[in-house]
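Right after this note come the structures.
Two complexes, one shared chain (subunit A), two partners (subunit B, subunit C).
After this line comes the complex of A and B, so read on.
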């Protein structure tokens, strides 16, 4: 296998054929912002936060979906990219009802952390304030669509790791919602195994353990690396 | 031609309000209204949300008394879970209730009301504030700030935050009290008791000095309501609701706060966002009742602690059966602060306060939960109904300041009739109307479920509805 050599932010790096720019950058200490990507799950390029500039390309490319090529020159953190990312986060915040002060994930939310790191101190677009439901029909977990950013991590972990495929994205555009078993209440789902993996991988407070109060929800994603390592390398190590 | 005087904004209170004084053709005041001109709507915001989020959500109603909202909300949550709250959690809730009484009352007395009392009601408005107090008597101002800071420090020490902590939950609280906080607080008590002795001495002198204000700022018989314990002392966390009349006769010895809707009702008026609760058996508006520090001391038979008991007896001598002059809310506030310090000292002596057994866990077991407690401004009720999954389908908040609404309106009218001369309007006259409102330490952000700070407009209105004069505070 011949490795690919490329330049990211002025540093020379190598990656395996087919490996994403995102992975190569992270493996070399360049942390490109992301929301839908989670190590161990298939990438889908949903959030567009990992967009990068590639020389010779007129448009921005999602680094999680773009394989490295020999001689590539990539920039991950230019002022233009910072501006785009900030706007994306503002759009995410405006799209639903993200009220950190009363959220179960306050203080441990990837969206909140990203907004802070990008310097989002206000939102320049108008809040949509949609009417979103909260599904508490499951005995152990809750789903609050107000806090969902449609990253689809829950859909992928349920399908690819748990193998249950309880979750999907239903409807279109601004009406898109994470749905359980073709749109039944979560508590009525026949496919859900109540494993809780979706809750742990959710980057915000959209999926949470029932009974959690404001700021109490803490998520543990270490299981994912354990399972993926076991599956791919047959090594059962933490 | 008659006129209308408007005071807007009313200053040194929490929230937005205006006062309208109606003046007849002979130039005499013939009516007054206290309008609350802000609206918040937490009862609506709560709908469709999990009940487990209510303590955190409801804490956001108020930056002064979030602890009271957390506690009333958590107690409603306890009822929904149907669990027994661990004793250590109850002790913590009691401790923070007292810490909040201390900091909120210190804010009301030292920061908001003492400028009138120390500098006089006719002092120039530019001096009538905390900075003016500090200029005149720096030690007094400092004592007030230190007392408030102690209350805030205890809240921070227990919860990690001074305002809006994530601390209360249905079934208990989130963490244990750190042991080092006990030593820190106990070390500060001697200084705090000394500051209270000084403040009480001054307040008693002012009570003797301001006889016209005592007579004219809300001095009328009314019902008083407050939570009392089995020993007759105010029970800020878990008492029964007692009502007495203006002569001190017991009207209802111990009503169950969880049945409040059977004996209390709210009426809305088109000219104010704040509703008008009243005691049902006496109808509207005769069922007017007062709540808060003075009322709590009127319904109680003792304070249950040594220093506060001495002051309690002295205060009660200022009235016949009950002390009806709202001016004495100030003195009652100080008595309660002493009681709060003493109770906190007792609580810190209980080793179980530091226990980590602070949470009972359960699934949803009831569909209706009601929590009550004594907030600094009076008794507070949170009432939720939930569906089978625990989503709130109905929320009713009965806030202390709203329960004083009828009395505040009556007080404004009495103060206006007594002090305001429409043909020779002076700022000091209007300040007395505002000061009469401040006796109740109203918190309008709490009571209208609102936006922003609390300013006041005073309008002088004629019989034909024309505004003759208008004073506005910026």
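After this line comes the complex of A and C, so read on.
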């Protein structure tokens, strides 16, 4: 296997063929912001927060979806990128209804944390205020579409790790919604095993355990690393 | 020699007054503050007209036409305008009604889709409640529902001391 040598933010790094710019950067301590990426799941490039500049390319590339190439020169944190990322977060906040003060995830939300770290102190675009449903039909969990950012982590963990494939994303554009079992109530699902993996990987307050009140939902993603290590390295280690 | 006191105003718009309660939570620190500022206009001060001031904390979002007229008037008469709390910054709780048409909100609450909107008794509601910055320029954002007393002191204290203001440590 011939490694690829490239430059990220002025540092020389190496990556395996096919490895993403995102992974190589993170492994070398450069933490590119992200939302849809989650280690252990296939990348899909849904959120565009991980956009980077690659010399010789006229457009920005999602680093989670772009494999490293020999001699690449990548910049991950230019003023232009910071500006774009800030706007992306503002668009995410304006798209559905994010009322942190009464959200189960308040204080432990990846979207909220990202907004803070990117210096978002208000949202410059107009809030859309769509009417969104809350599905409370499952005995143990709830799905609040008001807080969903369509990152599709739930879809992927259910398909790739649990092997149940309960979730999909249905409809288009602003009507796009996470759907359970071809668009039926979650509680009626025949494929859902009630394992709760989707709840744990969801970055926001969209998927939650019933009984969690404002600011009480805390997520635990450690199971994912455990399962993926077991699968890839055949080692059941915590 | 008397030092010139900073002229401070606080305003209560489409909010629950929780931000003002949090301000009062400054307890004895309020006395230190009182030595440096003159409270010119506030729900807790007796003033009819909004005067010319240095700093204004505005709690709540713009929910009706009166708020809209008032915030423009305030903006014209204040040097530094602070969006005080989440309702002022995002619309927050007050704006939850925006995803439902106004007539439905009123008929659900009062049994009449035009309740209070025609008799000139209550201020006419805007179709959508909106954050302050959609109508006027905002200089600083003080997040929280409500912002803690320490955070209020942090921002107001820095402004009074003429020090650079720390960026917000969280959103929402």
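Note that in this section the second predicted complex is superposed on the first by the 238 of 238 C-alpha atoms of A that agree within 3 Å, B and C clash if a C-alpha of one lies under 4 Å from a C-alpha of the other, contacts with A are read in each partner's own complex, and residues count from 1 in each chain.
We take it that contacts are C-beta pairs under 8 Å (C-beta built on N, C-alpha and C of every residue); 3 or more make two chains touch, one makes a residue touch a chain.
Fair warning: this is a prediction, and the values are worked out from it, not measured in the lab.
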Subunit B versus subunit C as contact partner of A:112, first or second or both or neither: second
Contacts of A:210 with subunit B and subunit C, given as first, second, both or neither: first
Subunit B versus subunit C as contact partner of A:220, first or second or both or neither: neither
Which of subunit B and subunit C A:127 touches, first, second, both or neither: second
Comparison of subunit B and subunit C by subunit A residues contacted: C
First, second, both or neither for A:137, with subunit B first and subunit C second: first
First, second, both or neither for A:104, with subunit B first and subunit C second: first
Shared subunit A surface residues [contacts with subunit B and with subunit C]: 101-102, 106
Residues on subunit B engaged by subunit A in the complex (per definition of touch): 48-50, 52-53, 55-57, 60, 164, 166, 168-170, 174, 361, 363, 389-391
Of subunit A, residues touching subunit C in the complex: 93, 97-102, 106, 112, 115-116, 119-124, 126-127, 129-132
Subunit A - residues contacting subunit B, complex: 101-102, 104, 106, 133-134, 136-137, 139, 142, 187, 210-216
Subunit A-facing residues of subunit C, complex: 83, 86, 89-93, 95-96, 98-100, 128, 131, 133-134, 138, 141, 143, 145, 167-172
